[in-house]
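Think of it as A, B, C, D and E in the order they're written, each chain with its own count starting at 1.
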Amino acid sequence: MSNLYIIIFLPVVAGIILFAFPEKIKLLKGIIATIISAIAFLFSIKLFSVSPQLVNLDLFSSIFTEGTLPWEILQGANKFSSFNIDNLSKFITLTICFFGLVIVIYSVAYFYKNHTLKNYFPYFLITLGLSAGAVLTDNLLFFITFWGILGFTLYKLIKGYDEESSSTAKKTLIMIGSSDGIMILGIGIIWKVYGTFTISELNIPTTYPILTIAFLSLLIGSFTKAGAFPFHTWIPDYTRHAPVPSSAFLPASLDKLLGIYFLARICAHMFILNQWLTFLLIIIGVMTLIFAVMMALIQQNYKKLLGYNAVSQVGYMVLGLGLGTPLGIAGGLFHMINHAIYKSGLFLTAGSVEKRTGKVNLDDLGGLSKAMPVTFISALICGLAMSGVPPLNAFASKWIIYQGIIDFGKEPGVANQLWIIWLGLAVIGSALTVATFIKFISGIFLGRKKDHLNKVKEVNFLMWLPGIILAIVCIGIGVLASAIVVPEFIMPLTGKFEYIGIWNPSIVFVLILASILLGILIYLIGNIKNFRTEDSFIGGEKSQEETSFPVVEFYKTIRNFRLFSFIYDMAEKKWFDIYEISKKITLYFSHWLSKAHTGILTSYVFWIFAGLIIMMIILIT
Amino acid sequence: MTLFILCFVLFLVGLYGVLTRKNIIKIFIGLSFMEFSTFLFLVLIGYIEGGIAPIISKNITNPVYVDPLPQAMVLTAIVISLAANAMLLAIAVKIYKKYGTFDIRKISNLKG
Amino acid sequence: MKGMSSIVKKITQLLSGMIFLYGIYIITHGHLTPGGGFAGGAIIAASLIILVLAFGGDELTVVKRKEGSSVTESLAILAFLLFASFALIIGTNIFFHNYLPEGIIGNLVSAGVIPLYNILVGIEVAAALFTIILAFIIYKEEISK
Amino acid sequence: MEIILSIVLIFMIIGALFALHARDLLSALISCGIVGYGLVICFLLLKAPDLAIVQIVVETITLIIMIAVVLDSTRHELEKTAIEKKWKSLINSKALINVLITVIIGIVLLYSFRLAITHLNPFGEHILRMSEAYLYGGADKTGSANLVTGVLFDFRGYDTFGEATILFTAAIGVLTILRIKGRK
Amino acid sequence: MSWLITLFVILPMTAAFLIPVIGKLIKGFQKTITSVVFLFLTVLSLFFLFDGNTEVYSYKIGGWEPVNGVPIAIYFVIDGFTILMLSIINLIGFFSAFYAISYIRRFTAENNFYTLLCLMVGGMNGVVMTGDLFNLFVFLEIAVIASYALVAFGVEKNELEASFKYQVLGGIASLLILFGIGLIYWKTKTLNIADVSDILKYSNDRSFLLFTQIILIAGFGLKGAMIPFHAWLPDAHSSAPSPISAMLSGVLIKAIGIYCIIRLFFNMFIINHEISLVFIILGSLSMVLGVFLAVGQWDIKRLLAYHSISQMGYVIIGVGIGMMILANNGNKSVAALAITGGLFHLINHAVFKSLLFLNAGAIEYKTGTRNLKELGGLFAYMPVTYSTSLGASMAISGIPPFNGFFSKLLIILAAIKGRFYLVAFLAVVVSIITLASFMKFQKFSFFNKSSITEKPKIKEVPFPMCFSMIVLAILCLGLSLLIFPGVRETVLTPVVDILMNTTDYSSTIKDI
């Protein structure tokens, strides 16, 4: 399968070679990276037409003569190098390569004169190749290796020189690395019980506690990567501090694809879930959905806002996959693709805005719609897609998820009985998403233009092109959803399922419309008092600060609501951040232990002999 | 057996010194007692009742010698402990110069 | 470092020579009678040490002696190692091989290389102990300045 | 034999305890030296003349070094503090706890040691295995009348080389440590 | 092989004895000869490692043949484990010596430094090669006495204090070891490890065996810094000059601590359930407490030193699990996996911990401080140090594709397969905290602007230091290949075989 070589190893090898080039010829490196991404994309299309099969690759060992050490090494590696080309993996590979291509085009332009991030392109290519490898591999050990290296490249793609962003980089790698470590436990348990690392051979019932633990540890891995509650906390920080192409590439698209891919893999293929696990998944999905979007509502920094939004959308996917029905899984996977498209689009537009204005706070921006029309249009389309407006893509996927929840309620089971709650919360989440979208769009592009933004121009061709491509894809998928996309692309992943056509009036359609209206309503209520976009004059003074920023006021209204304000206070003190909690506990222990090391020799000697006599007492007497 | 027990008691006395004394020199003395007891222990092991020192002389027929191997070991160990003691004393001298005391409670810059 | 009174000096002069000779005897008869390189070397070191303690000596000469003794030490142990690995070179491929004829038990010249080892170790030990003591003395001189 | 040795050992233990509790460092050193010389007697009784010679010389040299270290640096200071704390130390609960723990450690160690050695050869009834070759026929192989020297320099000459190297190391180490300035 | 093996002791010692004599006459002699000797020995050991000859080989010093089947000579025993340890010792020794060419210029008495370094390496070579208990003790003492002096090399307050504590605790350890050897001699009347093993095989004197084993665990555990015998390590390793810290943490605690424990408890004593349980408990304790102690540190070298304890815990756990499974007659392949993981981690730890200490040395060399709170923003000024330390940090925290990941993976998988779920869980938790503390190290030393970065004079360290760091960083990546069967069979499998077939050791050696 030469396709696999090209898709997985060409980017990796090219990336490693690119390290050798000096930073000065960054443009050349970018162009090479683009070409290689394009090649990978073409081959991934070719791969898509291949029928599902298991492939055992011979990893380059033909290059070396037989019997030499490198040959032996590769022969050893070959034992693990089985790859599984099934519908799911080849579809995900295709999307990964697609996003890689789109984002690398943007990156070339973004980094052309920006010297902040060293070795972006090598790490980009390695990430691309390894992601494809992680998706395609059929061996858990290969998988965990690829998965772990992705965490490292993620770390390297944050520039992280100053105080804040270096803490973000630290936090990101710690969380991702921890989840990898926990996944090893799960893999170990699977190996212990089933004696194999081959994914395609596994079909594990979660009846025994130990197997449930295995499932949960793998679940933590996928959750951390995708960013589901409570392992999501690195994503908002990452998006805030990392360069925009990195955010668009990793947390917004690639990590979602991988995380949700793996979630789908473990939920649908590797394990047979019992109803409590289903319940757990649904709960987590809903919590992610609501909490993250609530946090997004109060954000000032638009990159962080998008980050929280990205987390909240994961809630839909987890919810869909957690349902476990074909409809739910299809909805979850479909939403994953859609989300990757529009969220990358939004990040890219955000990057363009940041590049031109240099501002990252919504307060400092406004009225850019005329200055940056193309960016505005692509942001608008992507944002509308995010809000689930028909006929855009996310409408279709959310709709399938809603339908999935309704169908799910027909089955017996604990979680099934509560379907109406899930549905309601999903709708509320959707409504809040609309509110955040409006905040984003109006904060940046609408409203009154600031004086310091007068010189802002549209970004160049290469930078707006990816955004507009993604926006067009949003529309395309949305329009063609029921005709082509769902039957051709999604159904092969899950098997055939019945669903009610998109343009048929149904209860779901009403729900989606209702959620949009609700969202606008929430937004309006928040700003009803000072919903003005013109300057107001109070006593002859221009009172710009007070009145012209509906965004700020909106945020404050929500923020000051009593119940919410308590929760928000807690959140701002990082009470919900699993990272901060663990850090505190660890440092407490550390402090306590280091106090015992008083520096006095006698106590050290005491420890030695205490250890000695404890061993003696236990063993001898 | 009594001898071995007594020998071990000497070891414990040295240990007692290391554990309870606060003066570097006293700790050093405690360590030397532990060394003494270990040497003695090794030689006690190799003793054979009625044996003579392992030096060949032509006057004695059918001699029974004590085991020379523990003696060789102890000889080596004595020199090793001499070397270690010299190092320890050198450090003690320097520490006295820098810290102005032999009290180990005050020599605790490094902790945590 | 000042010397001690003249009585001490005189007695030390007499005594140290005897001790030195005794040390040499112990070393050379190491393979015949109790004692050997270590004991003899330590005795020789002691004879030198009492000389230094009794006569004192200004820092310069002490430093000179220290240099000398430390070089002696290195050379002696190097020679020991060379003797030990000599067999490797002459073809038997055995480290620490006793390649000289053993002779008759009880004679002064017997036991192959053992007397040579004894002598070298004696020199090494004497020089090492002397170096250590001189290092202490020099250190005291230096900090008292 | 056993009785004489036991008496010497008991004296050594008493000397050791005195050395550890002496207020004056110099007298502590002297008693330490006495214990060392007691060891020499033990060696002589145990038919180990080589060891006795080495131990007596080494003990002397160590004493010289130790007295040189102690003589003009600390003795005075320690005396002063010792007198000050003479009464305080008796009721010092921390020190008491230390001693108590040490005694417990000692008892446990002693008990396990007693248990461990029950089935071993008792004193004086040693059986030869490795050193049989050294003793009987060793002299013919090495040509050395003093069997300890034979073992030391021929059968286990490599050990002796290591030992000489340790002395060399210690000499270099002492020279290294007793520098006035470490960094340029 | 034959007599060439003696060079591992002869050459470093010769160099050590020559330096005080010739070093005074010829300038630069000490650096040259040390590096050349170590390089030669590295090449030689690597040659032995890869020549495909996995036979156990023994060399009788003095040429004394056994009498009535009882070995009377001191044996050099050369098997896979020995060769592996020799390679590590001399490799790290070479890089430390090479690194020291620039680093040690700031100190006085360079000659003594190199002499002691040679002696330390020679001592460790002697320890791993010997097949004789008492000889092991002698060479162990050479190595530790040299290291006492090297720890105090700076002769400042902290160095002296650290060295003093190290000496007292090390002295206790030496006494315990000597005492244990005495007990063994009492029981078996022999010192040859193979012979001892032969006799102990027929002994069922339980309390004697346990007493001796505990004494030896305490003794070698002190040298190898297992908790609760660890207290000297953070002081000593952080106070020594950096190349020496690299040697101490990277090699010394393994060669004279872990190696001896593994050798004696696998090949000399009969493995039993209790002792392997002790190992697993001590290993877990070291692993967990070490990392908790490390994560709160602000002194770079102290942080690294505590991590050494924690990482050694992994090694001990790996080996201990293997031992436990062997003692219970469990699944042999799992035992082999656990031991492989432990040994693999031992190699990896030697490489990445040395590298980290060299990095810390480079930082201290240029900025004059080791306090993380005072450092910051060095990534732009010291790119080599930054990138190599990043590699090493990732390796120690177990991030693929660096070597530490694979060895930890093996240990965790083996722990799960052997039903040590708690140990596996702890290993993962410790790995996470390790990652956290190394991210702290990275953040506070290389990013995070601070006053130090405003000084313009900071630039990259000189070539010898860079060279050592770069090559070690490449090794950090390259050693990952040991996970693949091709290389593993040449490097690790012989060692594992020797440890797995615990009783074959004695019979093989006595037959030769």
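Simple rule for what comes next: contacts are C-beta pairs under 8 Å (C-beta built on N, C-alpha and C of every residue); 3 or more make two chains touch, one makes a residue touch a chain.
Computed from a predicted model, the values in this text were never measured in an experiment.
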- line: For chain C and chain D, the touch-path distance in steps comes out at 1
Statement: By label, the chains that touch chain A as well as chain B are D, E
Remotest chain, chain D as reference, centres from CA atoms: A
Message: Please identify the chain with the largest separation between its CA centroid and the CA centroid of chain B.
response: A
- request: Work out per-chain C-alpha centres and flag the one nearest the whole-protein C-alpha centre.
  value: E
- request: Could you see whether B-E or D-E has the larger number of C-beta contact pairs?
  value: D-E
Whole-Å separation of chain centres (CA-atom averages), chain B against chain C: 23
Statement: Per the C-alpha means, the centres of chain C and chain E lie apart by a whole-Å value of 36
Task: Please compute the C-alpha centroid of chain B, do the same for chain D, then give the distance between them in whole Å.
output: 2
Message: So the centre of each chain is just the mean of its C-alpha atoms; given that, what is the distance between chain A and chain E in Å?
response: 42
- prompt: Which chain A residues sit where two or more other chains touch them?
  reply: 594, 597, 601-602, 605-606, 609-610, 612, 616, 620
Statement: Shared-interface residues of chain D (touching two or more other chains) are 49-50, 54, 58, 61, 65, 69, 98, 101, 105, 109, 112-113, 115-117, 126, 128, 130-131, 134, 139, 141, 145-146, 148, 150, 152, 154, 156-160, 162-163, 165-175, 177-178
Field: Junction residues of chain E, two or more chains touched
entry: 13, 17, 20, 61-62, 134, 138, 141, 145, 148-149, 152, 155-156, 160, 163-165, 168, 172, 186, 191, 207, 210-211, 234, 296-297
Statement: All chain pairs satisfying the touch rule are A-B, A-D, A-E, B-C, B-D, B-E, C-D, C-E, D-E
Message: With touch defined as at the start, can you tell me which chain E residues reach chain A in the complex?
response: 50, 164-165, 168-169, 172, 207, 210-211, 214-215, 217-218, 222, 228-229, 231-232, 234, 274, 278, 289, 292-297, 377, 379-380, 394, 397-401, 405, 408-409, 412-413, 415-417, 419, 424-425, 428-429, 431-433, 435-436, 439-440, 442-443, 447-449, 481, 484-490
- line: Note: in the complex, chain D contacts chain C through residues 49-50, 52-54, 57-58, 60-61, 64-65, 68-69, 139-146, 148-150, 152-154, 157-158, 160-161, 163-165, 167-168, 170-172, 174-175, 178, 180
Residues on chain B engaged by chain D in the complex (per definition of touch): 1-10, 12-17, 19-21, 23, 25-26, 28-30, 32-33, 36, 39-40, 43-49, 51-57, 65-69, 71-72, 74-76, 78-80, 82-87, 89-94, 96, 101-102
Message: With touch defined as at the start, can you tell me which chain B residues reach chain A in the complex?
response: 15, 18-20, 22, 27, 104-105, 107-112
Sites on chain C touched by chain E in the complex: 70-71, 73-75, 77-78, 81, 85, 88, 92-98
